[in-house]
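Okay, structure first, notes after.
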């Protein structure tokens, strides 16, 4: 019976780790391929919270000792606190400093320096 | 052999990259980053030497007999903290150089020094002092 | 599975480094460094298990804390950078000057 | 076992290749902000490498120092000195020649090196076996690195602490600014804009700061049994205070943390460390021979290590705080007197 439980635990852990790695990689591809800062931030959000949580939970199931699980859950708690806060602050700072999202409507605004040059020429 | 000496080769490559930055780049901040790379390559060299196949971290537990060599760890641990302290002094000197010269490019600083030679005796005295400090650092 | 997860984390670290190198804006770099920090935390946790001594998770905790501090520090001090005026980077389509004064400051720095 | 070693060496190769790649990227980049960010990543990767090489204590230090404090200081400095690197005028052919020749000679030299992980390498044959086999009987501390650092090589560590203290004095001498009371209100108005913006950041950080300090104390006292010790704890404690400064501004932080007190603590740490050695001398032992501190040699060793780790922690924490306060204070000073400095540099350029 105990043997069975161990196998089930291992399986669940492997499942969590697999999901975590998959989300990690997809987020990593996202940060490389997405067109502008705000979409990249979305990709990073996936890897920083869900994927990290999945991998950490998978590790907790690997070794259900007292201290290790406590430390892992501490890391998990901190990741869940810190990363969204940092992302929020980062996005806010970027927006405040005038980085516009890449959408069709803003294309005109974004080409402001060129327009200035054109008007100077004219 | 490739596996056995790979770490040493990487150490040499990193060390030379650091050295190249220090020689070839004129920007003082870049030089400090180059020094950091050089420094880290030495750390990597020491730590690689301490590794033993099948050994674990030198913190005693029951049932383990093979530990990595703790002595290089001690040397490098203190070297890292001393490294940041000396880097801080170097950065402080850079801040003062920027205030005195308005630039942190090596060539421009030397240019200003040679131009000031006649007109500002006192000024040149101060700036050469700063330069000497920088070299010692 | 542990090993596969470790390799996945290493691959993602590589991707984050590429993003840090190619930029293009300052905030992309900060974002990539932040993500890299989180991936390092995961790598350290995984390494403990791969190498069979998972009691050294303290290092990962330190990383989590330091990562937070360095992101905040970067944000705090990146405010004083002129935004967007960089050498040799293709940021023209993302760039928008906030005010005339800021642009002027940037030009002064560039000289 | 064999498979585990294979994986370890694979991770080793990947991490080292990443390091080389980052170093090359640093050479090529002109944007100093990106260079500093890459230097931060470089610190993170080298710390991961130290974990793979079983050097957990070193990784701990590199994590807090290389990735945290050093990136922070460089960042503060590039906000003061400008962000782009000017291209050099001369061709770096001579530099490349020197580097290639030196590198070639060094690589030729590595062929005589013992291979990685070789158990019969000369380094493992002299003093290391004694540290590993006898330290439990002689010092009674499970973490051999702490035992060597604080007991066998305590005099060496004393020297390192003095170096750190001296660096603190150096930064203080170079960057400290005389402040007048009435200027604080001006500074407040500069700082406030940042604090108003980030309400969430401020509240989360407020929760984190006590936790970071608590964790620093855990690292300080758990250093005998796991990775950690005075150096790491000092840096972590300092980073908690740095976080406070970053969020609430320098003038608020100056009200909370008395600068004179911090400077006194830095000196006190060094003195305290030295006094432990003196006390053991007075008790009839050698300098830093803790066996004579208590009737039981092992208890004496424990007491000695605890005390000198306190001294190290005090000095490192306060020196890091001094360094950061002075850099940030200098930046503030420059912001206030911006016109003055601009004029000076213009005059220098003009003539």
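Which chain is which? They are A, B, C and D, in the order written, and residues in each are numbered from 1.
FYI, contacts are C-beta pairs under 8 Å (C-beta built on N, C-alpha and C of every residue); 3 or more make two chains touch, one makes a residue touch a chain.
Bear in mind the structure is a predicted one, so any value in this text is a computation, not a measurement.
Ranked by how close its mean Cα position lies to the mean of all protein Cα atoms, the top chain is D. Between chain A and chain B the centroid-to-centroid distance comes to 33 Å (mean Cα coordinates, whole Å).
Averaged C-alpha coordinates put the centre of chain A at 29 Å from the centre of chain D.
Rounded to a whole number, the gap between the C-alpha centres of chain B and chain D is 13 angstrom. Those residues of chain B in touch with two or more other chains are numbered 56-57, 61. Multi-chain contact residues, meaning those touching two or more other chains, occur in chain D at positions 54, 56, 82, 201, 205, 208, 226-227. The set of chain A residues touching two or more other chains comprises 82, 85, 89, 93. Inter-chain contacts, as defined above, occur between A-C, A-D, B-C, B-D, C-D.
Contacts from chain A toward chain C in the complex involve residues 13-14, 17-18, 20-22, 24-25, 27-29, 31-32, 36-37, 40-41, 44, 47-48, 52, 55-56, 58-59, 62-63, 67-68, 71-72, 74-75, 78-79, 82-83, 85-87, 89-90, 93-94, 97-100, 102, 107, 109-114. Those residues of chain D whose C-beta lies close enough to touch chain A in the complex are 197-198, 200-201, 204-205, 207-208. Chain B makes touch with chain C in their complex at residues 56-57, 61.
Of all residues in chain D, only 4, 7-8, 11, 14-15, 18, 21-22, 25, 29-31, 33-34, 37-38, 40-41, 44-45, 47-48, 51-52, 54, 56, 59-60, 63-64, 67-68, 71-72, 75-76, 79, 82-84, 194, 201, 205, 208, 212, 215, 219, 222, 226-228, 232, 236, 239, 242-243, 246-247 touch chain C in the complex they form. Across the complex, chain C meets chain B through its residues 51-53, 56.
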